[in-house]
Structure formats: C-alpha cells, structure tokens
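Presented sequentially are two complexes of subunit A, the first with subunit B as partner and the second with subunit C.
This part shows the complex of A and B:
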C-alpha cells in the first residue's frame, strides 16, 4: 500500500477552467447555396418580413415576426408545396429574453425538403392558430399551451391536453420544479379530501433512498411480513431467517395444508 | 346411482364437518377474491400473466372483473398519475365492503422512479392499502404470494363484525 499523503482536497477545487470555451454550434450555410430553398425564401420575402434565414443540416430555418406566422405558413403551403406540418411546439426562453420561441417544422414530400419556421413571442402575447391550414396543429397547439403556456388565438378547442383541466402552471417551463410546486404536491389530496386533510395525510415522501428496516406501518420485507403497526423485532446481528408461510400453522378449513417438502419445482419447461 | 361411502367411525358417524361461522365465511371470502382489473402500466402485464394459463389465478378463486361493484380486491398495478387519482378513489368507493387493496410494484407503493410533479407518491395517499408488493415489476409468483398472504389476512379477521367503512384518515 502506498503511504498516505495529504491531497488537500484536490477534488474539491476546479483544477481546469477554460476561459475561452465556446459552445459548439451546428454549422450554418447561406440560403443561396440551395436553389430550392432560395426560391422558397423569395416567395416568403415577397409578402412578409424575414428576420433571419439560414440552412442547417440541410434544412432551411426562417425566423419571422410572430404576427406573420399564419401568413407565412399559408404561403409555404399554397405556393411552395410544403404540405405537412410534422411538428410544432415552443421553447422556453423566458429567463433569458422573456420570450417563447415557437417553431413550425414543415415537410414537402414532392420537393423532399424540410423547412423550420421560427418566431419569438413575448410572454403574455398570443400567436394565431395554424389549425385551419394544418390539422396536425390541433393537438400540437394544445400541448404547447398545456406544457409551456403558449397562448393561441382562434383555436377550435383550446383545452389542456395532458395535465388535468384544473391544473395550475405549465410544467415544461424552465422555472417549474421537477417535483412540482405546492399546488402539484398537494393536488390529489386537495382534490379528493380537501385542504383540511393535508395535516392528516402529510407531505409526500420524496426521498427515493429511504429504507426503514423496521417499518411495520407500510413495507414489511417479503417473507418477513407482520401485521400493520406491529412492534418491530429489535435484533442485533444478522436478520433471523423466517420461512415462507403460505398458511396458518393449524391449517385452513377445507383446504389441504401446503407442504413445502412435497412441493415440486418443475425443471422441464416443455414437459 | 351414486354410492356414498360413509365412515361411521369418524365425525360421530355423520357425513358432516363441524366448523365455526367465522371460518366458513372467511373460507368463502378468501377463496373467491374477485379482483378489479386495474392495470395502469407495465405491472398490468405481469398481472395479466398471473391471470393467464401458466400461473392461473382462477385456481385461487381470483377472477378479474371489469366492474368495481363485482370486485372484492383492487390490485393497483402500475403508476398512478395525479390526473388519475380522483378516478381510483371513485372506483374504490364504488366497491362494496368488505374490500381490500393490493399495491403492486414500486410505482404504486411509493411513486417509484417517477419522482416528478405528475405522479402520486404512493397509492396509499389516496386509498387505504392492505398489502404492498415490492418489485419493478413484481413477477407473477410475487403477486400469487401476495394474494395468498391476503387470504391469510382475511382468515385471521372476524367474519361477522360491524362493517366499518375503510377510511384513509
């Protein structure tokens, strides 16, 4: 064995910091490098203002103003042959910019091209629903509302899609705690028993590592079952072995006593 | 014509068995535990396997029913989400007394791996539970053993007593 030397908590200190680290980015190219995309971009630019456009991983990304989203998608559908809205949702940038990023992923089966239309919308403002253009936006917009609080105007059935109707908050916000806010943690208790039951039922146990060997209120160990709330057997040393007990000692009325000695373990599965 | 052999040397010479009402009623109850079909997640697959021919729950008298009004036990097999919590409570309330609950698998016991905002952290926050089965998911043998333990528990109870409704609180 090596002689002990004091390492002075070397692992506690950051021994390497890269002051010049830059987050890696997927390379972008100009729209002019692709004829099809260039024509599509011209069609959009003829009617609407384009804030930024580039090609990334063979897909064109167009950033537009949020109030133009319906018009731009209409142009892309009717004039540029992008017939499918394969996905739409939003990204939470509320902490950085106070904005939600809304994206529409479009696919043209004839051109074999994909376009992503993006816009940034301030918190509290609403985008126009694209449901009349693409039916696939129906549930996607409901999900974006449910999970991120994206407000959508003129949606035919704007209702939460995943969470319960009376839920408070939008769980995919970056600010939403993973284990839920107070409303979420008491949701089922409040709803079923009422707020006054909180004291009786108690808070949730969120410690996944909690193991209580002598817990007889809830989890007796398999093969060591005891009645609820029984006095735990204090034992020092190894746990005493208790045989599996399927039946009471004195036997059961009209049922043959199970004899472990006589039971057969079938080894041959195909017998 | 059926020939009945009567052993006159046994039981006072009469073809009868003597027992107490408690034992008789509990024998009936514990051997016809009709379970409410309550597969919520992957544990439900194990529960189905327990009911199918290889493990064969029918020989225990455990027959799956699709209506809470015909069920004696509720086997909560799977993750209980907060959205579903009120429905499990409603179905439990619709079951007739006497009734028992088996919480099957880690998710139903404690919320399991789903330590999140949308999962009820243990089904015993909503309904009273008689038996917790560990495992993720428990094998059909474990569920069988659990049902046998529940039978044992039922046999130890007094059959004729005032039916006090089970309450969580």
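This part shows the complex of A and C:
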C-alpha cells in the first residue's frame, strides 16, 4: 500500500531537516526608527486599526483588517503620496489557518519609499476591489482570483486572466499539485476529442522525466522501432537483456575485473 | 476518431453579429506584430476602436508554481525564460532578492561584472526593440542594422558564459566566472562604434515622414494614467516621470557611475522611441566607466557564506568540510531565514520585482514575479480606445512587451 500523504499541501518538501535546526529570522525593526514611515503609519492609525507594523528590508509592512483595505490604500494614496501600486497578490495559508494573505505593494516616488499593506482574509470572504484607486489592481486582482481563488467585490471585469475561462481549480493553492490535478489531466482530451476518447488517448502526462518506451505513438522504441501506431514487437514483459561490456581495451579505471554475474542491480529506489 | 464539430473555435460570450454597427475584431494570438502570444479583442466602429480587451495567458508556464517546488539555485535558470530578450536582468532580479533575504555582501569584481552584463543586456533588449518595432511599422533597413549590433553583443556574452540568449550567468552570491581576456578589448571596440550606429538609426528614422506620422501623437499616455496602471521603465519616463530605480534606489555600484535619466513629457510613441535611443547612449556611458572600475578590483567572484554558498571549486576538491557543505547545498538546497522581501530592479522593460516569502525551508513558500510587461499590456485596455487599427501595431511595438514575462 502506498504511504498516506496529506493532500492539503502537495508541494515539494525538504526531505531532510536536522532535528536541532532552528530557522533564523530576517531582522525586523520598529517603525519609529524611520521618520517617514512613522508619519505614514500615524496617518493610517488616525482612521483605521493597525494590527501590526514593522520595517523589514527597508520597507514598511502594515497589517490591517481585511475590510479596511480600500480605506487604508485611499489614505496612503491621497494623504501620504503613495502614487503607484506596484504589485498585489495573495499567499495561500488555507491549510494552516483557513486564510489567504493579501498584500498590496505600494511605491511613493517622491519619498522613495515602499510600503507593503497586508491583510488576512478568511476562506470564502471577499476583499473590496481597489481598482478605482489604482487601475493596475484591475489585472492584479484578476490574477489573484485566477491563481489563488481570491474573491474580490465590485471588480469591473472579473474573469480568469492566465488560465482558460473554463478551468477548474486555482493553481497556486498549496493543495494543487505541480503536475496538475485530475481535471488538468483530461482537459485537452475532453475538449478536443470528447470524453469518449479518454480510453483511446489516455491522460496527459506533464512529467517531463517520464518516458514510456512502449508508447509507439509518441516515442519510437529505441532499437525496436515499429511503424507508427503498430503494436510493439515484444510483449510488455521484461526487457531483453543487453550484456554489459566495456569498450575500453585496457579495462576501466578503478575496476580491475568486471563480472556482470557478481554485480548487484539495485531495483528498489527507496533502499 | 477526431470529430470536426469539437474543434470549433471557442470564444467566450462574444457575439460577432451585432445590430449596433459594431464589429468585433480578433487580433492575434498568432499575429506577427503581437510580439508573441497576445490576443486582443477589439470592438470597432468603422476603423476606430471603441473597446479593447487584451487576453493573455497563452504562454503561461506556471513559473510561480514551479518556484514553490524548486530550491533557490534550481529556480535561477528558469528566470531566464521570463524576459528572454534580456535574460541576465531576470537572473539578477531573483539573485538580488535572495541575497537581500539572507543578507549577503557580494565581492566588488562580481558587482562590476554583473553591471556589465546588465548593461549589455539593456543594449541588446533596446536594439531588439528598435529592430522589431521598426519592422512592424515597415522600416526593414533598421531591423537589419540593429540586429547586426545585437549580434556583436550576443557574441560578447557568448564569450563570457557560452550562452547567447538564456545566460544564467549570475549566481546567488556573485558570478561564476571571470571575464575572458579578450572581453574588454572587444567591448571597447563595440562601444567605439556604437554612437555612430545609433546615429545611423536616428538618421534613418528621425526625419522619416512615415515614421513620424505613425509615432507622433499616437498612443499618448498621461502621467496619471501611467502611474495608475503601474507603468515603469521607459513607458513611465516617456510620460513625464523621471524615475529610474538604478538612480533612485541604487543597487550594485550604480551610485558610483555617472549617467543621466532621459525622459520626456509627451507620452506618445515618439517620446518612447526617443527615450529608448537616449537610454542606449546612457548604457554605453555606464559600460565605458565600468572598464577601469573592473581593473581596480581584486579577483574574488563569490561571497563567502558557507551556510548558503558553496566554496570555490578548489576548496571543494581539496577540503573535506567544503565538500560536505557543497553536497548539502546541492542536494538539499540553502535555507534562507524566515521573512519576506520585495526587491525591485530596473530591467530594460521597467520595474522587475521579486517578492519572496520564505518560511525557512529550502523552497520558497511564495514567490511573486512582478513583471513590467504585465502592466504594460494591461494599459492597452485604456490606451487603445479612440485609436485606429494601424495604430494598434505601433502602440504594441512601443510598449515593448515580451510575453514570456507577461504570462510567466
């Protein structure tokens, strides 16, 4: 039986971590250490609740409540001179907290400062669109919806942007496997040939390392080629053995005498 | 087996027969001047565009997803495939973000070499832009000349790292190789000729009536619109904002070299063309200053940080501890501290930002690529209405969008 794996996080994991290893932290400093940021933070605090604020790698991070996102960005744009929304997206914490972390990366060209406004939103709830303040949010919010399933209220044209319109699932969820889920496997077959062709064509394989040597449609079987579509010559039994012989006349460096009979072939990959 | 009725084109909720005299034109995704895979749905009244919907995603490869499943060094060559016209600038943006995350100081010679790569990439990208835009508008001669110069630059980079298009020539912590002996001589020769070449292009284009008619007062982007849409780079500078990250938030040694930021307040295609041409001259100026700076440096190329970066090859081959470190870093990958960074760099297209959220593991928890072309494509929604069909090609040309970067 295959080992049980948690489907909440299908991403690659570190295969070994030292048991005494403690991850270091990127240093944070208080907002008071920078005058400009302190003034900006005061302007936000005058109207909205700030959950946390600190400076990390020269940029201020402000964590607010999700329902205040429009108001805070309006204050930053109109009062604090943050004229550009460079980036807006989300981070998936659904498995741990059932929340998406939404961040807005703002730039003030006059002050040469960058602020990151963040909020945590529960799964299923929606944030307000900031499209009326920054037009760049139009595409950014569409992408966040497409990739992470972030719901946005009052967006003028909410539609998937990178994936096809009839796609199912949100690829940047941690629960979404890198190779695609079952829907992705059959998407093109269903669409072009119909569901009834599934048996004939087979699922799409997105693993670039996989080579099916018996697949005469896509890969000729090296050394045993047959016309396209024809049955392979050998049955799907074990491969014909090719005797191992080294071409070097004088033998191979470090191997004094190679005897195939005495060598061991490791078949169990987990060993 | 294949059923013909299944292969009908799939248009989302678009009615092509309309009563109100409006025509929907489907531009792309296979249009030669769409610079890749851009599909534009244009609503037309006669020849005039009343509504435009850029549709992107035809080149989506899921790079952000791939990043979450790769160790940091493994992802670095993938960044080449974003803006493949200037791939070193993508490598550099990623590498700088990781270095800021772990707090590395890079040796001075590596900084000079990186800047040389970045500026040659900028020249390559701008020459490519000039060639293709001129070709789109019908000026074939410029295309051939600009590609000739770009070819010299590609040879130069090939001498350095062996690759012409996807360089991967920058590593986290420095650069892998020193410059070859003939590099400086070749670069000097190229830089001597470049001003004449740029003047040749301008002689061909500046007084050309067709070129000016297609470019002047077409595709005007106001300052407010450029800021609101997140435009950066030459797009923003041609709209009257003098903002260059190399100058305003300098990284590497950009605060030590002397260069100007060309900008214009016109905001039309012609202003963008002029900004690109001026920027090529500024890049050449930077490269001129970098040559003596290189000879003032000591030969270290990689930072010393055994927790994150492998030791030099000689140590790996001779010292046991270095070999162990190298083995762990290659098989398991480095583990940056817990935290997040957003690092912007000035790529030839605009602000290229990497947001990395690290949870202390060997894989980034979230990596967001902020590619300038994505927003430069988005602005077409507001920019195209009011223009005519031939203007579309000229406008797409001057926005300088690359679809590897838009779709990621």
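Note that in this section the second predicted complex is superposed on the first by the 185 of 271 C-alpha atoms of A that agree within 3 Å, B and C clash if a C-alpha of one lies under 4 Å from a C-alpha of the other, contacts with A are read in each partner's own complex, and residues count from 1 in each chain.
We take it that a contact is a pair of C-beta atoms (placed from the backbone, for glycine too) under 8 Å apart; a residue touches a chain by one contact, two chains touch by 3 or more.
Every value quoted in this text rests on a predicted model; they were computed, and no experiment measured them.
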Which superposed partner A:205 touches (first subunit B, second subunit C, both, neither): first
Which of subunit B and subunit C A:36 touches, first, second, both or neither: neither
More subunit A residues in contact [subunit B versus subunit C]: C
Partner chain(s) touched by A:163 [first = subunit B, second = subunit C, both, neither]: both
Subunit B versus subunit C as contact partner of A:188, first or second or both or neither: first
Partner chain(s) touched by A:178 [first = subunit B, second = subunit C, both, neither]: both
Partner chain(s) touched by A:126 [first = subunit B, second = subunit C, both, neither]: neither
Touched partner set for A:12, first subunit B, second subunit C, both or neither: second
Touched partner set for A:139, first subunit B, second subunit C, both or neither: second
Partner chain(s) touched by A:89 [first = subunit B, second = subunit C, both, neither]: second
Overlapping contact positions on subunit A, where the subunit C interface meets the subunit B interface: 163-164, 171, 176, 178, 191-193, 197, 200
Contacting residues of subunit B [partner subunit A, same complex]: 17, 19, 23-24, 26-27, 31, 82-83, 85-86, 89, 109-111, 113, 115-118, 120-122, 124-126, 132, 134, 142, 145, 148-149, 152, 155-156, 168-169
Subunit C - residues contacting subunit A, complex: 1-3, 6-7, 12, 56-57, 60, 62, 64-66, 68-70, 100-101, 103, 225, 227-230, 232, 241, 243, 248-249, 332-333, 335, 337-344, 351, 353, 355, 357-363, 365-366, 368, 370, 374-375, 378-379, 381-382, 407-408
Subunit A to subunit B touching residues, read off their complex: 163-164, 171, 176-181, 184-185, 187-189, 191-193, 197, 200-201, 204-206, 208, 218-220, 222, 225, 244-248, 252-255
Residues of subunit A that touch subunit C when the two form their complex: 11-16, 21, 23-26, 28, 56-57, 59, 61, 83-87, 89, 91-92, 103, 105, 109, 112, 114, 116, 134-136, 138-139, 147, 159-165, 171-172, 176, 178, 191-194, 197, 200
